[in-house]
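In what comes next, chain A is part of two complexes: it sits with chain B in the first one and with chain C in the second one.
Our next item is the complex of A and B:
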């Protein structure tokens, strides 16, 4: 076991992350500018004159050639400034994104946890019973859970648990839009759920947790299906290995064969799936869920308003908020890159051979 | 006293195919096999790939459930042994598989691999147990911390053997133990098996397609074809007085016939029949140079020739005569 090698390997992967982020910026920048749109209309107020628009366009450098704008943006990013948001009254993009991230990450983390806790055992049991009834059932379940649209599932869950049964709140953190007016939560991490727990505000914590049950369920269904499928196929492959047969031959208990030997060797692709699930559920996955369950603030809301389809502070929508889009792309890109890095590190931890 | 007794063992698979799995095809991988292995000896099972010898091994080791028939170990039936009883039995019957590298868990170091069986059986897993076993197979302490991919094929097979020895089993099932090794390694590993048998009085059930391996190791043997034993007896009986066309063909193809005998005339035609659609009558008749009309209708019974030599062939007299004539020329 050579720690130097592990370190060098991880540093190499981390450097690759920088390349990935630059690639993300480049593609997102040019893609967003392909669409004819001028964000200054978000600032120009009601019925602006062409002169006003031209002046603002010039003021924000939006009349420069595209490659000049791109280079200016790159220079700005590498000095740690992600620019300002046109749709949120010229607020700086970075704090705007960082404020929303903790809540969305909490949703994503809970959904990933649920996917791991539920998906892996079901996948292993499914692999053990290949071709039997339970396996067929799991295959149907995993395919349909991947296929079900989240916005539909969210509505159905609201209908059942909030409207008909009335046991869980319908929408919003804490179950009401005015919840935080009555139960203020001191900001520590920025995540309502974690902050209410950290500040010992137990009643608030329970209310917030209850309001997050349906969103997490909605968010987790797709990862659960994915996890079942991935676990099933890699455990099946591991179970057909000779050393598994050998383990049976010397009298290892069946439970141990499945969970210790087969699962351990099937783990690498499962770890990658879990890491990507977390990255997806915390960023792109929350778009529909935050909308359906009205969980503001969140990354999903920001994404929507940046593309001119959501709410904005000026009440005017319909234009692309370039720097917010790019800022989100960078954050999402970094998020995915970190998730991959963590997956790599975990794989090394579970499989010492890679580091040799 | 026989340590292992196999009685009319059958393993049939049902394959479902066609639309909605409506068509069922029965595959008789092992179809009524009986033999006995005396304690402290080596019993060989020869046959080409697809003859059912590996399935037989897996059934004897209870890694597969036999369809019917009976298995006895040390006089006690264990055909349907379960739970604790089966686990205790597993300590007495160990297996060594064909491919040494893939039968070692790639995520464990040699020390843990070798100690895994004693841990599974809840016995003493002191480091000295591993050292002892490794020493027996001629490996040094230095391999203890290695991962399987750092071992050569021969070393890996020695590790697999060491692992099988830690529980001090009374019987080892060797399923093509040397066919993945090169020739010089083969000889070393086979000699190792012989030494271990002298030292620890282990009984071997050795399965191989390679007659030279069987010849090197076995006291008595059986030849399998299409899931059945076609001839069985002592090493001398099968190597010097083969009475089944298939045994003869195997010996001829491996150049084990007496000097000057031309083996070509005993060669088989064509391929092994598909197990999903075996020939009617004797399964060998489409390929057999001795086949007569009766072979197309009935499968021959295993008949005694005396001194524990059994053969299942309608034309066994023609076979021995033909060999006799070939010898005289």
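Our next item is the complex of A and C:
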């Protein structure tokens, strides 16, 4: 086993990632051309003449054969051009999505962290007590957490903690839509929570952190269940190995056997779960949560605006912002692909045998 | 029994099924899941015939809206649970229980369609890949990988944005993205069936390609997919509700649990029953399907459960 193998393996995985990304783009492209949705009509403005439409159609290459259009599209995407957004005063899509990503990623990262901190110990305990009350409780919890609609869970938490107990803010960063008018945060990373901390704005930081408690809880419950399930099954597999029996025979403390020996060897699949949890929570999960808690800007807010159901001052209300949706899908696809790649790399770091 | 018949045709399979049902009927969680699914399904099927508010279930607004003293005027029509409306009423003054039962109908119909579509596509892709092999296998399975490494719902969302949200697009969109897991399972199963002796015997007896695929490989590949179907019923119902919640799925006036939860978001401070009940039923329905799938998986593969 040498580093050459690891390198070759990683290169292979990276190539596969590129294939997945191109596949994603191909799917989105062909989807967008299955149905004759005509972006030109939107671009041309009100009451366009046939000549205007013909000119714009030619300008955007929409009269070329499909494969030529596909090549043009591929070149555009790889040069970072994902088109322009109709609902955000014709701004380019890519910067629009990238600007909102830090806030969504902060939520996703906190949820993942919570899932790791809570889920792994519960999973290990569950594996130790297979078949007992605690284990079956955890089992019911993880099956339930998968079945809980996140958008509903968010509402219920709001109902309990904001409406009835009144101890946490109901919605929006900082607790009110006008919060940032009163407490401006200088943009460093684009994430409100991190920026307020970096600029030493502690009052704002606390207010933002408080308003993120319920969203993060909502986002984390499903990953916690997932983490318990994954940890339980891989720790259980590790616990039945001979070296564990040997360790016990040597009189090593039970706690150390469980956490230092069994958990360490059970880590690779858990890491994959964590990476995918992060990808899920920062993209799809966050869409529902941002919607319920009215958190903006973020991916959920963008999606809301792009479907024509959201509030956007400059948007054509009720119209689909197609380029924005496709752009979102591509960015999410790339996000997932990178998360998978990172998971692979981490897995190898913990278990070199995988690269063989 | 002719030599070219596959072994499924003997009575053994039937007794095995009986045995599985007997063992699982002692499992409380499994029984809970089956009971809830069956009763919700029956209730929702019966809803149009027994509910006093059938027209509201189909989308008609209550005229005049029910009046309830003590409720602020801006939420007129949204009344707390009472004898006439056991779960309260909603934004257009309609009976919430009726709307929920009709919503469960929508969920179940879409869940069934999605799972059946996905299974059909998955079987087709998986069996083709396994039977033909070579570069066809390679191409189909790499395509499956691309679909698998991409979040289902985002893709469904793009499809819905393309074809426009309505009842039919929802299951077209979800069916079109749901098949990869089934394709993988079907391929694995078809590969193991392909090398069985009775297939060789059938080939030797001169049964044609399609005869082998339809009479032997297909029937023997379906069984293991049924557990996945139960699990995916829950997941696809949840996905559908989520898409509808985002305004990309079912549109009013069709009753839908996701839409109801979305409509209730404005009433969180004034009408607790409105957000609580639709979501609760959605949760129960999905949970029950997942419990059934989980228990059957555990029964079929006890290694996952430990002892």
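The rule is short, and it goes like this: the second predicted complex is superposed on the first by the 290 of 356 C-alpha atoms of A that agree within 3 Å, B and C clash if a C-alpha of one lies under 4 Å from a C-alpha of the other, contacts with A are read in each partner's own complex, and residues count from 1 in each chain.
Here is the rule we go by: a residue touches a chain if its C-beta (ideal position, glycine included) is under 8 Å from a C-beta of that chain, and two chains touch if they have at least 3 such contacts.
Quantities reported herein were computed from a predicted structural model and do not represent experimental measurements.
Asks: May I ask you to name which of chain B and chain C touches more residues of chain A?
Replies: Looking at chain A, the partner in contact with more of its residues is C.
Asks: Given the touch rule stated above, what does A:258 touch, chain B (first), chain C (second), both, or neither?
Replies: It touches nothing on chain B or chain C.
Asks: Have a look at where A:246 lands relative to chain B and chain C in the superposition and call it first, second, both or neither.
Replies: Touch partner of A:246: chain B, not chain C.
Asks: Between chain B (first) and chain C (second), which, if any, makes contact with A:233: first, second, both or neither?
Replies: So A:233 only meets chain C here.
Asks: Would you check which partner chain A:280 touches, where first means chain B only, second means chain C only, and both and neither mean what they say?
Replies: Only chain C is touched by A:280; chain B is not.
Asks: On chain A, what residues does chain B touch that chain C touches as well?
Replies: No residue sits in both footprints.
Asks: For chain A, which residues are in contact with chain B within the complex?
Replies: Per the stated touch rule, the residues are 241-243, 245-253, 256, 261, 264-265, 350-353, 356.
Asks: Once bound in the complex, which stretches of chain A touch chain C?
Replies: Residue list for chain A touching chain C: 16, 19-20, 23-24, 27-28, 31-32, 34-35, 37, 130-131, 139-140, 143-144, 146-152, 155-156, 158-159, 163, 170, 233, 236, 279-280, 283-284, 287-288, 291-292, 303-304, 306-307, 309, 320, 322, 325-326, 328-329, 332-333, 336-337, 340.
Asks: Within the complex, which stretch of chain B touches chain A?
Replies: Its residues touching chain A are 61, 63, 86-88, 90-91, 94-95, 97, 99, 102-107, 116-117, 120-121, 147, 149, 160, 163-164, 167.
Asks: Can you check the complex and tell me which residues of chain C touch chain A?
Replies: 29, 142-143, 145-146, 149-151, 153-155, 157-159, 161-163, 234, 238, 241-242, 245-248, 258, 261-262, 264-265, 268-269, 272, 275-276, 278-280, 282-283, 286-287, 289-291, 294, 304, 306-307
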